[in-house]
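First the structure, in the form of structure tokens, and then the observations on it.
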Amino acid sequence: MSIDWIKLLFTLLGLFIVLNYGLLQYGLIRRITARIGKRIGMPVYQPYIDLVKNYAMRSQITHGVMFYLGPVFRLVGGVGIFMFMPLIYGSYYWSNYSFAGDVILIMYFMFFGMLGMALGASEGGHPYSFIGISRGLSQFTTVEVPFTLAVIAVAVQHHSFSLTEIVAGQQGGIMHWNIMTNPFAGIAAMLAFLGMMMASPFNVVQAPQEIPIGPPTEYHGTYLGLLQTNRAILYVSESILMVNLFFGGATNWVELIVKSFCVFFWPVFVGLVFPRFRIDQSIPWFLKIPLILSIIGIFMV
Amino acid sequence: MEYLTLQNIGLVTGFMLMLIGLYGALTQKNILRIIVAFTIFDAGLNLVIVALSYIKGRVAPIIDQTTGVTNLSEKFVDPIPQALVLTSIVIGVGVTGVMLTFALRMFKTRHSLDINDFKQTKW
Amino acid sequence: MEDKKTFIDPDLTKRTVIGPNGEDITVDPIQDYFCDALPKKHEPKRAKIFENFFNWARAESIWVLGFGTGCGSIELYPLLTPRFDAYRFGVQMRPTPRQANLMIISGYLSVKTLKRAIRSYEQMQNPKFVMALGSCTINGGMYFDSYNTINRLDKYMPVDVYVAGCMPRPEAILAGFEALKKRIKAGKAEGANLYAENFETYKANQKKIIRDWNMPDYNW
Amino acid sequence: MEKIIQHLQGAFDVKAVKKQRNDLYFVTVGKDQAIPAVTYLRDAEGFSHLVMITVADWMEKGVFELNYIVHNYQLHADISICTNIDREEATMHSAHHLWEQAWTYQRELKEMYGIEFPGSPRVDESFNLEGWDNIPPMRREFDTLKYANETFFPRPGRVSHDPATYMKQKLYPNE
Amino acid sequence: MVSPVHIVSIGLITAFLLGLGKKSQQQMLVFVLMIATAAMTMVSGSWLIGLMTGSLKPTDVFTAGFKPPFAINLRMTMDEAVLTTMVNVFGFLTVIYLFDVLKKAGKHLLSIIVVFLIGLNVVVMTRDLFNLFVFLEITSIATAGLVIIIQDSKSISAGFKFLMASSVISGILLIGIIFAYSYVGNLNIDFMTNLSMVKGGAVAVFLVMTAIILESKQFPANGWALDMYESAHPAIGSALSAVSAPAILFVVYKLMPMVPENWHPVIGLLGLITFAFSNFLATRQENIRRMLGYSSVAQGGLMLTVVAMSVYFGQSFWFIILGFLLTNFFAKAGLFWLNGIVNSDDQNKWGILRKRPVLFFLFGVFVVAMAGLPPFPTFFAKWEMIMQLAQGNGWGWIVLILLGSIFEIAFLFKWFGRVFHAVKDQPAEPVIPWFKEFPVMLFGAGILATSYYFIKYQQFDNLFVLIPLLIVAAFVVIDFLPAFIKNILLIAALTFYGYIIYPEIKGNIMQLVFMSVFLVGGILTLIPGFATKGTRAGFYPFAAMTIFGLIMLVNPGDNLTFFMGWEQMALGSYILILRGKKAERPAQQYMLFSAGGAYLMLAAFGMLPHFAGDTFFGNLSGLIPGAGVVFVLFALGFMLKTAAIGLHIWLPGAYSEAEDDATPLVSGVLINAGVLGLFWIVTSFGPQQLFGYDIFQLMGWIGAITAIGGNMLAIYEEDMKRLIAYSSVGAMGYIIFALSMDSKLGLLIALYYMVLHFIYKTMLFMSAAGVIYRTKTRNMYEMGGLIKSMPWSFIVVLIGIITLAGMPPLAGFAGKWMFYNAVVMKGWYLQGTMVFFSGIVAFLYLYKLIASVFLGQLKDNHRRVKEAPFVYLLPQFIFVIAIMVLSIFPQVLLEPLATIIPDRVPGEAILWDGRLAMTSFGYWNAFAVMTTVIVMFATIFLWLTYHSRKAQKVKQFNIVFAAERPFRPETTHVSYNMFAGYKKALGWLMTPLATQFWTGISDWSTAIADKVRSWYTGNGQTYAMHLLLYAFVLYLLISGGKIL
């Protein structure tokens, strides 16, 4: 197998762009959040500083090999999702490594990071890590159900699991977007997206006031830096996934960024309005409205 | 009136005796009475056997002066049931004997002859 | 009443348990459960430009450990409200000492709390700063003659910034942040290294008042 | 209320009764009668709530005065059963069998005053003070300033002023 | 040649001689008796041999010199020879067995024994009706005499009841005989064949037959017999069961020619009812002898059926009846004798046998033979019987037989399990005299030899049946060797077997795949056995039996071989499970469910020829229309093994309570047998309808619900092995679902998952076994933090759970990917989502498994735990390598598997473009994914390693704990009820409906059995009444209310 070095370069460039975009987006959203709370808020570039500071921590501790590997798994999961997803429709070089697999691969690759993180945090031996992970996994099981149904609905509609083809099928104006052609599946997926982002009201996993911050309680310094890096990449990647699935994909970077920013804003707004669910409230919630919507969506196809 | 032959009387009596015996065996609580009832049952049974083989006007298959030695098959009733009944009586007596032995031993173990007292093995 | 008591912590005494194969296993909790390494001094980066850059980052991104002692902790909450909005200065609250850089001792410290404060302080990672609020941490304040409240925080851990007042108002705390930032940027906020260098002194002071010292010397 | 006090006087050897308010009386009884009196109040007169157990240190008299304050929800009235115990051999009967929460008070009294409550659960564990190995600090013979000066590294240069005079001096130096 | 009449004469002479003997010469008299019985045996035996070899011709003995019908005649043909030999051999052995009793008892007892034997011999041989009556009476009286060897109140009253009953019966018989005589004019059976044609003759026939049927102790008029079994000396019980009952049945056989054709089914049905109900009632028995009594009665009923239907069975009659007869003869006598040796009716006291391996082995052999499991004759007889019945559409009969059989298995294996585990509190070394052991051993040898001949007679494919059985037998023989050697030998045997079998199956990829799963799985799961010390008695024969049973499934020439392999595997694995410490109940459950499944399959096999002719079902090709019921029966049978929801309750207990290193074999390897069967029926039958409903649709739902149910149940398990076991339930649901999709991709998923599940589940169970081996606990909340001491096990579990969860880049993802494509193509979105949901639910328990055990806080008592032994790790790492290879090159497995799927299956297959797998929906390149992930991982890992090279290693309590410190590892480790929130939210899904259902069934049957058996009041008069009522009802049944 010959490696297409230019493509690799483009992919890395894309990764770099997405990382920066993710960090800025996070800062911007924090700032907007602050504005809603009538505060001024932190500078937009604050995530960069945090990142640099965390990487610059002088001392570190480790609980063992798996503790070490947790953030690695997590970041591989995040970067992997990015790598296996086509960014710009119609561009060979911006399609990343999407030739390796379709949307199923991406969906399952999300688990990779989660599991690694869960194991790493568990090796820390902190009870809150266990509690946070048990909540996170519990919630995740039900989040994925409507999402998967929605994805299947889209796949059936376009007769393909390939993201490229799904995007291709949505070209030609806003009325061709899946959110318009199959609104039920689209809404279900958007509701599930709330859970995937683990923003309020579904942030009981980290719940800073209750179980410090859940799984990453023991992580600091470089580990935390990796996790922050991952968050920037992963959240953007997930938004891009939603864009590709339901919002017609993107034919250039501007479109991509605008769309994914709008998508990303959805959980932020919801999170600002709604208080946190308990875990035994959020689990049934996902099995009610989103699930029913997605079932309707799948039979509408 | 033609039904009132000796054979039929024997048969009916025999069956009656059998039924009486069975009834006794099934209703009496005293073991000895049960044994007696079984003897009655046996007697009735034997009577039925004999009655079945009876042919009017013939005699028991015992060769003596009155019968002579010729044409025996026409003079005698069917000899086989007669022989059978002998065996049957012997067996009946044997069974009665064994039953009585058992009754004795049962009485020795529990000092009772009520059959309801011997229900240790059930279900 | 004058005889010195010995304090026995049932959770930390040596004990013998029976292993899966019936063998006796002696567990010495302090030895077996806790890392007994001592803190090391971490030299700043030799390249000045890197160190300055990192110090700038540290100064602009101060993560505060949410640890409230005494009455001053009530003054911390307004910091996050729209009126004072400490986020503007890159100050954020963290719930876990592992991720925090700044520990705010917000008021008087009883001996019992001091033990916890020390533990949390030691669990923070190297560039770490301490800000002490109120007179009580400076010289005991109104509790100067209490049998149970310390007088001087800097005997027990290196303090970067004192904010005087009883209690200091949020504006004063914000000023304290600014002062701290200046110190960090100037490369003077080496509290963690100071602690490592003078570890024995600090430990001696701490142990003098914390009689039932039931933890390892350094809480990693 | 008066009736209850009379009942108490009838049933126990009451040494003194002091009426603080209409709904607050202080009744002094002997050491051995304190717990029975409290029990009586709880069971017979409806004083079902233990407000607190507290102590006053009468060093001059050489006694601790223990107060069991109980409250009646129907009458909205309190009665404090007081008893004096010897300061040197401070031992008192435990009341934890009457109210579960009593042992917390007793644990505190043990720590702060050194009063023994035999039979009270967890009474020997430290309450507020961890690792205290001196005289119980609330006893009046304990000199806290001396102790603080010896122990807590007083910052040199610290001075104390009488607020009134100091402020007067500061604000109106000319008067 | 010695005339058969000399059997009688020898007996008579002996009786006289015994009468002459004196009290002081008792011992000598016993020897005289012994010689006499030996001589009788010789006579009948010589006839048997003579008739078999053909040197003698069947003869009649005319007693009075006249030919019948004018005189009594005895006949000696093959039938009589066999039966008299049985009677006399048994008599001889009884005398030996009762040596100590006879020495003390009076000489009359010796005479009674002789009379008893004479009676039975003549009953067998005579052709004269009245003579038959006489000797039946003589036998009865002798029996009554024998009963009072034990002179307690119980046995005496039982004897009296017996006499009452036999009086009534003899009355009926005698009337019948006399009627018969009066209509026919003679008493010879051979001249009575047309009796029923004569007007009124039918009544005579009816009376005679009724009496004989009553004499053969049919349910429910058999209370007297049961009481006899319960109270008589075990030797007498064995005589009643092993020789008396067969003799009576032979009488029935003799009389059958005079019975009108249309009565045969009625009599047969009565026998079957007896079989079913007696076994049913036996399930409630605690008293061993009474239980054996019920069992004897049941066997008698079954044999009565066979005898009554002898015309119907035609050619196979002899095969069937011999199968039942010999098994009953050897096994029942053996069990009664063992009862005498143990000398207790309390099941728990039977633990004595555990001290005597040979006796215990024989006990097992007898029980298994009685239960009708291979390789014993009953198994073949039952198979043949069902097949014959099925040809005549006798479904009701089959149902009764199968019901009875399952009850039989229920009580027999309950007993066996109890005895197996009743080791505690036994006297150190029981004293068992040789003359008690000798007959048992002889009969044990007898049943083994019989089995051998039955197997030989079946003419199986030697390579697949006989050689494996011989290997199993060899391991029985060498069971005394140390475990180490036996392990090597078994592995070598399996390897060698694989070597010789390979050329046979090379061409058939399907067989190759399953064979390698079973063989390789067998070998690898045996490797951890090296860690055990001692002889590990009883493990290896059954491990071999299980593995070879599985192997028989792979290449069966016909249905019987398949079924035999199936039962053999069930039996072997039952013993393996039973060996666990607390496995008595789970093993019993396992056996019951296995047997239930097997009997469903048996019924299906019976129906199969209707639809498909005589071929083996695995060789069928294409759709078989209208075979819905067969399909459902098969599917149920196999789904019992794969533990579909509702049928799964045996699984967790069985898997978790089995010995830790046997669990991988029992679960990971064995469960694939069910998959094999399901695959076969799905591919060979094609879509089927039942009541107009698509069965595949139904199966799909069952699969989906199983997947969710299994995984959901696993979440809340605290027991490591139970958790993995429930996970197997989930995985099997997945496979059932995939199979039911009936598309190329679906079947491919099923096969792929079968292999993969085998790999990772075996691996996980082994890893769990290693952990349990070291920590000596199965509760996960008692472990924690073992990663430091058992890193290799951790890696294995990590790989295992990543595979199980189907995460890329490991091999599990292939299954998930194909699954989506298949679901979308099939259009089963809802079921598909349920299965998908179950897949995510799996994360929960997987996390719990790995985190609770390996991560978190190390417990005090595990501080010195070492890594699992090398022999545990070795196979695990072989599996890990296999997974890695499959992850990078999935086509290595997927492409050959795809060739197995027949062409008729609809749907599209995966297209391979180099390393890229494609369907019309999606694509996936395992190699590219793996490479990308490895590169990413390595980059980030190296960077982190460089960056954190100076990180301080800390210990378990160096965690931030809200400024406090943790107190104890136990209180810091969050493991117990880890998913409490989930339980609160979705716990209602976990209502144990299945358990409630099966418990309900069990309670119900118990209650019914209790009600029914209260019929046996213990009162002799009631029993006599039963007899009369029975006769009356039988009359109504036969005549249909009309006068005969």
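By written order: A, B, C, D and E. Residues from 1 in each chain.
One rule holds for everything that comes next: a contact is a pair of C-beta atoms (placed from the backbone, for glycine too) under 8 Å apart; a residue touches a chain by one contact, two chains touch by 3 or more.
Predicted model only: the values in this text are computed from it and were never measured.
The set of chains touching chain A and also touching chain C is given as E.
The minimal number of chain-to-chain contact steps leading from chain C to chain D is 1. With centres taken as mean CA coordinates, the chain nearest to the overall protein centre is E.
The chain pair sharing the most C-beta contacts is A-E. The mean-CA centres of chain B and chain D are about 107 angstrom from one another, to the nearest whole unit.
Rounded to whole angstrom, the centroid-to-centroid distance between chain D and chain E, based on C-alpha atoms, equals 78 Å.
One finds 51 Å separating the Cα centroids of chain B and chain E.
Averaging C-alpha coordinates per chain places the centre of chain B 113 Å away from that of chain C.
Counting partner chains per residue, chain D has no residue touching two or more of them. Under the contact definition stated at the top, the residues of chain A that touch 2 or more other chains are 59-61, 212, 217-218, 221. Residue positions of chain B touching 2 or more other chains: none.
Chain pairs recorded as touching, per the definition above, are A-C, A-E, B-E, C-D, C-E. Those residues of chain A that touch chain C in the shared complex are 30, 34, 37-43, 46, 49-50, 52-53, 56-61, 208-209, 212-213, 217-221, 224.
Those residues of chain C whose C-beta lies close enough to touch chain E in the complex are 11, 15, 17-21, 23, 25, 27, 29, 32-35, 37, 67, 96-98, 116-117, 119-120, 123, 214-215, 219-220. Interface residues of chain E facing chain A in the complex, by the touch rule stated above, are 785, 787-788, 791, 794, 798, 801-802, 805-808, 813, 816-817, 820-821, 823-824, 829-830, 832-833, 836-837, 840-841, 843-844, 847-848, 850-851, 855-857, 915-916, 920-925, 927-929, 931-933, 936-937, 940-941, 944-945, 947-948, 950-954, 956-962, 972-975, 978-979, 981-982, 984-986. By the touch rule above, chain B contacts chain E in their complex via residues 18, 22, 25-27, 31, 34, 38, 41-42, 45, 48-49, 52-53, 80-81, 84, 87-88, 91, 94-95, 98-99, 102-103, 105-106, 109-110, 115-116, 118-123.
Put simply, chain E touches chain B in their complex at residues 130, 134, 137, 140-141, 144-145, 148, 151-154, 156-161, 163-164, 166-168, 170-171, 174-175, 177-179, 181-182, 187, 223, 226-227, 230-231, 290, 1013-1014, 1016-1021, 1024-1025, 1028.
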